[in-house]
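Worksheet for the structure shown next.
Labels run A, B, C and D following the written order; every chain starts at residue 1.
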Amino acid sequence: MDQISFTPKPDQFTYTFGGNRAVSVVKPGSILTLWSEDAFLGNLFKAEHKWTDRVRPGYVNPQTGPFYVEGAEPGDTLALHFVSIEPSRDWGVSTLSPLFGGLTSTDSTASLQAPLEQRTWIYQLDRAARTLRFEPRGGGRNIELPIDPMLGTVAVAPAFSEVRSSLVPGPFGGNMDLPALRAGATLFLGVNVDGALFSIGDGHLRQGEGEACGTAVEGAVTTTLIVGLIRGKSTPFPRLEDDSQWASIGSARPLEDAWRIAQLDLVRWFEDLLQMDAMDTYQFLSQATKARVGNIVNPNYSMMVSVGKAALPNVYAYEGAHNELRRQAASLKTA
Amino acid sequence: MDQISFTPKPDQFTYTFGGNRAVSVVKPGSILTLWSEDAFLGNLFKAEHKWTDRVRPGYVNPQTGPFYVEGAEPGDTLALHFVSIEPSRDWGVSTLSPLFGGLTSTDSTASLQAPLEQRTWIYQLDRAARTLRFEPRGGGRNIELPIDPMLGTVAVAPAFSEVRSSLVPGPFGGNMDLPALRAGATLFLGVNVDGALFSIGDGHLRQGEGEACGTAVEGAVTTTLIVGLIRGKSTPFPRLEDDSQWASIGSARPLEDAWRIAQLDLVRWFEDLLQMDAMDTYQFLSQATKARVGNIVNPNYSMMVSVGKAALPNVYAYEGAHNELRRQAASLKTA
Amino acid sequence: MDQISFTPKPDQFTYTFGGNRAVSVVKPGSILTLWSEDAFLGNLFKAEHKWTDRVRPGYVNPQTGPFYVEGAEPGDTLALHFVSIEPSRDWGVSTLSPLFGGLTSTDSTASLQAPLEQRTWIYQLDRAARTLRFEPRGGGRNIELPIDPMLGTVAVAPAFSEVRSSLVPGPFGGNMDLPALRAGATLFLGVNVDGALFSIGDGHLRQGEGEACGTAVEGAVTTTLIVGLIRGKSTPFPRLEDDSQWASIGSARPLEDAWRIAQLDLVRWFEDLLQMDAMDTYQFLSQATKARVGNIVNPNYSMMVSVGKAALPNVYAYEGAHNELRRQAASLKTA
Amino acid sequence: MDQISFTPKPDQFTYTFGGNRAVSVVKPGSILTLWSEDAFLGNLFKAEHKWTDRVRPGYVNPQTGPFYVEGAEPGDTLALHFVSIEPSRDWGVSTLSPLFGGLTSTDSTASLQAPLEQRTWIYQLDRAARTLRFEPRGGGRNIELPIDPMLGTVAVAPAFSEVRSSLVPGPFGGNMDLPALRAGATLFLGVNVDGALFSIGDGHLRQGEGEACGTAVEGAVTTTLIVGLIRGKSTPFPRLEDDSQWASIGSARPLEDAWRIAQLDLVRWFEDLLQMDAMDTYQFLSQATKARVGNIVNPNYSMMVSVGKAALPNVYAYEGAHNELRRQAASLKTA
């Protein structure tokens, strides 16, 4: 297996899904260790820093990639297994940015009200305790929160020659901002273009469900992942599997449509896996699924609908691809 | 403490929040043991039964109550603590009803498409194993799911003289369909009319988040609850506390508005509890909250936004009312 | 034909649809001349007046009625023909009220932003020119706008024993805020309870589509209407007919659902009137309909979808009820 | 003034906004006469033709262009004045396509229901009478409707290097499907990239508001337009002016956000034009605006909010650019 490490140079970051040349060609089965910058390109590192002073519009969520996967073709599925996602620095950052977030009017949920105050918070990381320290700016107690590193953004190039900002989630993955996208998970993405052209970015040291204020505890992270490729099987919407659950991911507005996409995709998927008809699968999943919010702040909102593995022994999705990738990941760690 | 048991006679059920005379007057501190019928009035008990044959429009979600709480006045808060919620029968029932549910068009998300097939499922309860058996109607394996009993509906009479169908959730509580409304939880509801006039119903033996097909595993249940009353403190939206979390509940369409209501109410609540300013509270909660879907099928959709207690020792909401009610519940069990 | 005039005494106004005793019993065919107060009960009559000082929560949109129509039963349709709607005073009033309106966050599209400034505008009516004078409060030119009087609110009692605030539009009519509800129009409302129990209110001297700031140029008005009753024909959603168009009215959130309700109701209606199948009717109406916004500020938003009469000679809805009511209205004027 | 005619060859059509090389470079002030194909590339010309047989996914809404406008730079505004839009053929076509349209579930408002039946309608054009003949496929009368030619799609290249499908409307214009985009209108679009790179397409011989079934009466059309360029003045959202109104255009989901964008943009625009403060402008426009639906079927829905010119003499937007373009258009016709 190829093992590749890659740290982008400043001019190598990309800011769209699609529309960029591959930074590297990788073989299926490769193990990549990738450094990714935080959502603000590392430009906000003091509580005094302001988003509007130090971030250029359009230059948010820098991506590491895209990578061209040899042999990946439209109609295939990319299976990215995340072996580890670890903070690269000893701090993370979050902000209130003008007219961005869930409890403010925005460019599209538009109002005449004045924007909220801008504010920036630096969270110090205690590596030993694996906690982040929240320090209120206006007075009050500090609060320690456990880290739970994840990637806000994992994407392939979109279909139909579209190029989307790295702020957008969709059928191609993208800025889904799902806490479940942590180490131990496998993300399945349908391939739209030769080589798939996947990228990652927007590391979060932790994030609440919904990403209410618009930003998580953003951090540079180092990700080790295994590139799986499943030929001849298409995947219409992003799917996630870890050791306890299978999940489908929808991204749309209004939020109920994100849920509808995910819930329907899970029904279609499990009709096949359980060999049940659509109405029985719909019924069973109605009693068994969890519905988890990713973000309610991006150009599309995201939800993940999942079903636990406990009630369904001997069910294997994608012919057990996740389990196989887990085994490879385990062998890496012991190697 | 008064201990009261109540099983409604067939003509005592109510089908609205507000608009009904109290079935009983209770004192704050009373312990009530209440029997509630399932959402279909017990009329669907075979897989061959059809919703359209056996359920009269407007006679769904029968309520047990309302109860008049002595001394409760507008501006007070009712604190209902659920000691136990247990199945009254050895089976539950779920249905696909025409143009109702999350993966179908409805009366308001209207389409020209034909309705889905009607179907009814009876789930047998194994009391010892505490599991429900899902039996597919169209072929395939049976699946065992753990029971997790909850109340779909707990409400007070609405404000401004409104009377709402028992299918509706809102600021008055109502048909929230939240799995967290299980034994061990305390629900806080703002009082809108003298006596509060609360009712319960719509027992679920278990429910997936979203209640995708429109109905949970519906069941008659026996609920023991303690009626707490907090005078002089208002509660704008329903709030829930259990041993691990505090939560605010929003109900609205589109789904993001249910979330906005809940997330904002939690910010306003914790500004006070944490003695932080609004922007710091917003930031902290953005990194700490979970956003859980109740239903995406009722006239209003519901979401619950919660924050865990682990990171916030020595915080007490409503002056520790939940803990006090827990102690009373514990003493009941040992009595 | 009975001719009845009614001006409510201060304690006779009602604030809900449903839940009130009839102020009067009227026969089908009666001609009513009704005085209705403005949305603020006449309490805002100077630009210095503030909404929050002079309007009690829950006491907005006072209704004149309800009227009990002899013989009206569930399954019938009430056909209210508006002969004239004229200003009762020489001024109208509009406001910016806190957290109400289309370009502000609200109780449900909730945000942490500060509310907009409160402001009140008094519009002077020039009866001869039939214009209203807009006088900016913060400087700039006055602007003359033509009056176009309409009723914001016409309703019957809701189904299933519900009682709704007079701020709400729905299948029962209610606070639809549609400019098309002017003199010359006939409104068809399905009867839900014996006597129908209809009421009117919320006169607007003129209103933009959407009622963007939350209030029109609100005014006390005097309405002359003829009460038609169509027995044995039900009407699921409000419908409007005037000399140039037929229209269906939907009220829901999000706004697309208001449109879906109205567009589907029009398809179902015209399948019958044109004796075409559903797909042909859908196609024809797609090329022919206009979609007009009522309000985007009330608890439900409202839209009206209409088709013009020019392309459809010899089509008569409700067996020509509108034309017959028009003839009666014309004979009144010449009498 | 340059006068240019252009009819694309089959391989010259483009299917995205952005991402394509200019087909031609034009000077500001140029008069272009452009032929555009219908939304289906002319492949549906018999009622027996099926969308799924004859249209390739991703090859819908072919664009004529893009054109590079000399000197156009980000921060400028393109003012496209439509002198004439006339049918190129004697027929138009409309379809019901699977899971596309307003009264069906779709890929995002997803359901388990079966798609509607596919159907295609050919509308014959009577050039003398300027009418289209609707012929129902399942029986019933033919209906004549007046033609009202318009362009569904006019766009510049999007900002931030995005490339969007020609099915999408947004701040760059695009697939807005607004009946007001007819001859006599001027469309103002903010320039995002050097040369603006504008394109047109998706001619409609007529369209109902909302484009309910997903397609208008689609037709190849010949458009004559004048390319205006306003330097140094930016335009955040598309704006339209004709002889009777000024309008702002919003595109988003849910539909109320399309309206909010448009209503707010109009407030901001008229604060400046009327020299009034924001609250007065908001108030005035609330009483004066019309809110017109474009489409409720595309990836973003579109609405246009307009204010009439009658009440506002001596107001000139963009320094009278529309009037100047009108004069040029008039001189063309007399030339």
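By our rule, a contact is a pair of C-beta atoms (placed from the backbone, for glycine too) under 8 Å apart; a residue touches a chain by one contact, two chains touch by 3 or more.
Quick caveat, the model's predicted, so the values are computed rather than measured.
Visitor: Applying the document's contact definition, name the chain pair with more C-beta pairs in contact, A-C or B-C.
Guide: B-C
Visitor: Comparing residue numbers, which of A-D, A-B or B-D shares more than half of the contact pairs of C-D?
Guide: Comparing each option in A-D, A-B or B-D with C-D, the repeat is A-B.
Visitor: Could you put a whole-Å number on the gap between the CA centroids of chain B and chain C?
Guide: 35
Visitor: Where the centres are mean C-alpha positions, what is the separation of chain A from chain C, in Å?
Guide: Distance between chain centres, rounded to whole Å: 48 Å.
Visitor: Using the touch definition from the top, which residues of chain C touch two or more other chains?
Guide: Within chain C, the residues that touch at least two other chains are 103, 109-112, 116, 253-254, 260, 263-264, 267, 279, 282.
Visitor: Quick one: which bits of chain A touch chain D in the complex? Just the residue numbers, please.
Guide: 15-16, 18-19, 57-58, 107-112, 159-165, 250, 252-254, 257, 260-261, 263-264, 267, 278-279, 282
Visitor: Please name which positions on chain A make contact with chain B in the complex.
Guide: Going by the criterion above, the answer is residues 94, 96, 102-103, 116-117, 119, 121, 132, 134, 136-141, 143-145, 206-217, 253-256, 259-260, 263-264, 267, 274-277, 279-280, 282-293, 296, 301, 305, 311-312.
Visitor: Across the complex, what residues on chain B touch chain D?
Guide: It is residues 103-105, 109-116, 254 of chain B that touch chain D.
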